[in-house]
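Have a look at these structures, which come just after this line.
In the two complexes that follow, chain A is the common piece, with chain B as its partner first and chain C second.
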Partner chain A sequence: MARTIIHVDMDAYFASIEQRDMPIYRNKPLLVCHTDDLSSYRGVVAAASYEAREYGIKAGTSVLEAKLKLPGAIYIAGNYEKYLYNTRRLVEICEKYTDLVEVYSIDEAFLDITPTIGLFSSAKDAAISLQKEVEGKLRLTCSVGVGPNKLVAKMASEFKKPSGLAVVEPKDLPGILAPLPVDSIPGVGRRMAKHLDAIGIKTIGHLVSAPVEILKRKFGVIGEILSRAAIGVGDSPVVPAYKGMDVKSFGQSLSLGKGSTDIGYLRDVLLGLCDGATRRMRKSGYLGKTVVIYIYLGRLFGLSRQTSIGAYTDLPKQIFDTARGILISLLEERASLDIYPVTKVGVSVTNLVKKESGQQMSVFDLLYEKEAVLTSIVDRLKNKHGEKAITRCSLLEIRN
Partner chain B sequence: MNISFTQSELNAALQTAQKAVSSKSILPILSGILLNIDKGYIDFYSTDLELSIKYRMAADSKEKDAVVLPARLTADIVKNLPEAKINLDIDGKGGSVKLSCGLSSFDIRTYSAEDFPRFPKLQSEKTILISGKKLSSAVKQVIKAVSKDETRPVLCGILMTINKGKLKMVTTDSYRLAIHETAVENNAADDISVIIPARCMDEVSKICGDGDIEVGLAKNQIYFNLGNIAIVSRLIEGNFPNYQQLLPDNCELRVKLNKDSLVSALKRVSLLAHNNALVKMKIDETKVQISAITADIGSAVEDIDAEVSGNGMEIAFNAQYVIDGLSSIVEEEIFIELNNPLKPGIIRPVEAQDFLYLAMPVRIG
Partner chain C sequence: MVLNIHEPIEVSAVFTNSRLKPVSFVWNRRHYKIEGITGVYKYLIGVSRCFGYTVKSGGRLYEISLNTGEMMWRLEKIHG
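On to the complex of A and B.
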């Protein structure tokens, strides 16, 4: 079924909030900085008002560079609690349009309005009304993109910033996307763009005509995702953070900052995640049978794969043995790793049953009997002395 | 060219070769059977790329030709023909064959023989002789415990080991485990331990007869020479669960029972079991009480006389798993050996030492 996805992207979010709250900041170059000392040159710009952007300063610019370019601008430290409060208000507004709202980052959200589109005269109407409501209630501007999937919606919201609104119909996709530079695809950064440029791919149109086999050989699994992205195909779902829903999975993930290409380290991280996820399963009394591993390469490319364990379990080792196999098979796509290190690893156990009487036991319950005993002792220690009371030696480095 | 068969010999060849034809293959050519006529023989070849079968018969022609017939259709036609002479007229260009028998005549489109995968040539590293009788009775006893869950390929096979003159076959779907052990003359240089797809062993056991069969092993393939039939299968890679670890050293409670009375009782009582599965067994000094209950439907209970040594216990099983184990046993009298309600139950014949069946319990209480 065709989907309708809206992407809301707040314009110069932190700076706009400060300008709204402090009239003296309005119409002036304002830089919200991520730094411990505003009088120093350390840190980076977290958000730049549109007045400052005219001087080439944007989020990510170092404070040093900004101060050299624009010594007269207003430099302030960020007040993240205030921004989060505004984000929560934004989500409340979005949730009036659909219950499928995914908070993508502090200043962005995806809305899947497929189920509710009948309530509006068109997707565009829904987008306009949402944009007006945000402006009216938050007194902040936002750019809104509408598309058949998250990827296109996100690209569309970039078309006319600030206060832009763009609706991309599937039939218009090729014409709209083809002339755009490759780095307008979310997740394609400077480095990827350089690699593509080296093989003569500058625009999305070029990317469409490049044979997928070549892209796959050069970039591994990312090549395939790129190729699909170029024609505006993306099927990742809008994942809302539901409250009070039935337990369907137990998962845990870890962001790795700048990322890692060290398989040994990633494996240890995964073991820690399996420990965490299964600990929660045991606390809630669930057993699971399917293990899902997902990794992020770079900022946006997510890969996931799943395998069935064959028997229900809540033991970390049993989950980890399977998870490790999946991780290694995902990482075998070394070609992608060279360009993008792994920035996030996650594990999730699904296909759950409640651990209760009437459960058929399996021979693996016996094969892992020692681990079951050990795990229950570790659980008891943690229950009594706290989660940090005991850990695996191999995880000490990660925990620190 | 023109060749002729009797209905029964062609039917036998097609029925055998058809066993390796996959119904869900992506490659159309694999839905066919290759007929290769050469040097006075007709060889029927079929493969699903995992299992390959070759069936040889003498030909009345010295010519050379090859054609791929659609397996299912041809086999169905031949099966429905009367016992009479069948003529196969192969069109030299390979486009179709004409099959005639008495007053019936069929024109069947064929595939090109050149596209058919070659029959695997095996460089046997080891060759052993196994009695067909022993092999087929072993397979029959263990095959019920093979897993159907293809996400764990190792459990979809039969572990065959030969060690110190003993042939062992082991299967498990993780809820039960079956072991058959029998003495053989091991003429291979060293020990053997391979996991063979259950489907291959099933076919071999049905075809092999009582005489000795030659089994060849290569790196990842196994070969069975059954006279005019050759079967080659890929071996399953991976580690079979360490089943030795599952077998308890001793037992707290041993129950001697009549197999048939237990099977019939289980069948009756399990009709009242939730999802026809969970039955409880309550064992005291002189009897085993089997019971089942389903909310809103009803309950059932039945007592069976038994010789019991050890303290009483209550344990629950999936009735079907127990029935499968019992019906794999030929003898009348059986032992059920238990340790505690969360440990497996062992079922074995009282006299014979060649079979052991382990059923994992269902958690209760």
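On to the complex of A and C.
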């Protein structure tokens, strides 16, 4: 049976919510930033209103770059509690159309309406109705794409933004996809597009014509996936939250604006990131064994390294001890550190197992027994009084 | 221009249509009449249910919050 998938993508989500709630910001360039200190140049733009996008500023632009391009814009810090509340309301609306709703990100969702399509006169009507309901109830606009799979639906929602609606029928796929640039395919970023460009592949049409063997030789398993994506083939299911998904990693990163060469400061940042990542691991009931660190030096290049620890853990100190070792070795290797400050630090814990799956006690559990007790108390405090209720002294300066 | 405040305030509010509607607040001994509510959302701090409101008064926008666990209103931010 042919599937019908809808992809809902909220338009300039965070900025639109602020412009809705703050009439004084409407029709003005507004930048919602991921930073606690708007007077500094640290942090990145989390969302840009359409008025700001005209100046080439978009999500991911550094605050430094945005302030240079558009000093007169309105800069505000993101209010993620507010955005999550709106996302919950969006999901409630989506669930009226099907119970197969996958929250893809804070501002995107997939709906598999295959089982409920009979309730609507067509997929397009369902999409129009959904779009109107979102606009009516949330006073926000969204772009909607309809396609035979998640890949095509997501690409379709990008066709006419904002407030766009595009329905792609399987028979129309080759004609619609062929002229699009390769980076229209979700997951194909700047780097991959550059590699493809180097072998003469600029559009999806070029990708279709490329022999799959060449793509496999050049990109490995990704080459085969690209080849299938180019003809609009995708079979990944819409996975609603209640069915759960396998989590692959827990990570956290921080952009440091102009950057830092202060190893003490970088170590404190890393500790905060380890706290954050392991807190989410404990809340989700996961233990991890492999620690990955990545840093960006200046704007030129990034470095990444990973190492495995002796036993599965969800304790911040264990992860941090390993992460700190990797960070210091990465920094020592880079004699250019003084020239290129660290502009971003990230930590990720992979090689995960569910905590319930009966991991064995190891000597590490005894070594870190006190920390386990302390971490459990900190978790209970945070559960009751919120995430900001308690923090390490060494992190106060960073948090402030 | 955004000012971060995060200070306790006194709020007069009414319950209407199953909703809590702030009508005025006092901050720094000054009385602010709420001329309109432009946004409302709910969230949790730990186990405490909280409400965030964006309200208009005297040409400015004020973000105020109610923490029902502490039964405490706060002025969070001033815009404009």
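Convention: the second predicted complex is superposed on the first by the 242 of 400 C-alpha atoms of A that agree within 3 Å, B and C clash if a C-alpha of one lies under 4 Å from a C-alpha of the other, contacts with A are read in each partner's own complex, and residues count from 1 in each chain.
Quick note on the criterion: a residue touches a chain if its C-beta (ideal position, glycine included) is under 8 Å from a C-beta of that chain, and two chains touch if they have at least 3 such contacts.
The shown structure was predicted, so the numbers you read here are calculated from the model rather than taken from an experiment.
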Decide which partner touches more residues of chain A, taking chain B and chain C as the two options.
-> C
Chain B versus chain C as contact partner of A:L367, first or second or both or neither = first
Look at A:C393 in the shared chain and tell me whether it touches chain B only, chain C only, both, or neither; answer first, second, both or neither.
-> neither
What is the contact status of A:H385 with respect to chain B (first) and chain C (second): first, second, both, or neither?
-> second
Is A:A198 contacted by the first partner chain B, the second partner chain C, both or neither?
-> neither
What is the contact status of A:D21 with respect to chain B (first) and chain C (second): first, second, both, or neither?
-> second
Based on the superposed arrangement, let me know which partner A:A2 touches: chain B (first), chain C (second), both, or neither?
-> neither
Overlap of the chain B and chain C footprints on chain A, residue-wise?
-> none
Note which residues of chain A are touching chain C in the complex, please.
-> 17, 20-25, 38, 76-77, 79, 81-82, 84-86, 382-386, 389
Write out the stretch or stretches of chain A touching chain B in their complex.
-> 307-308, 310-311, 356-367
Could you please specify the touching residues of chain B with respect to chain A in the complex?
-> 147, 149, 151-152, 155, 172, 174-175, 177, 241-243, 245-246, 274, 277-278, 318, 342-344, 358, 360-365
Within their complex, state which residues of chain C touch chain A.
-> 2, 38-39, 41-48, 50, 52, 54, 56, 61, 79-80
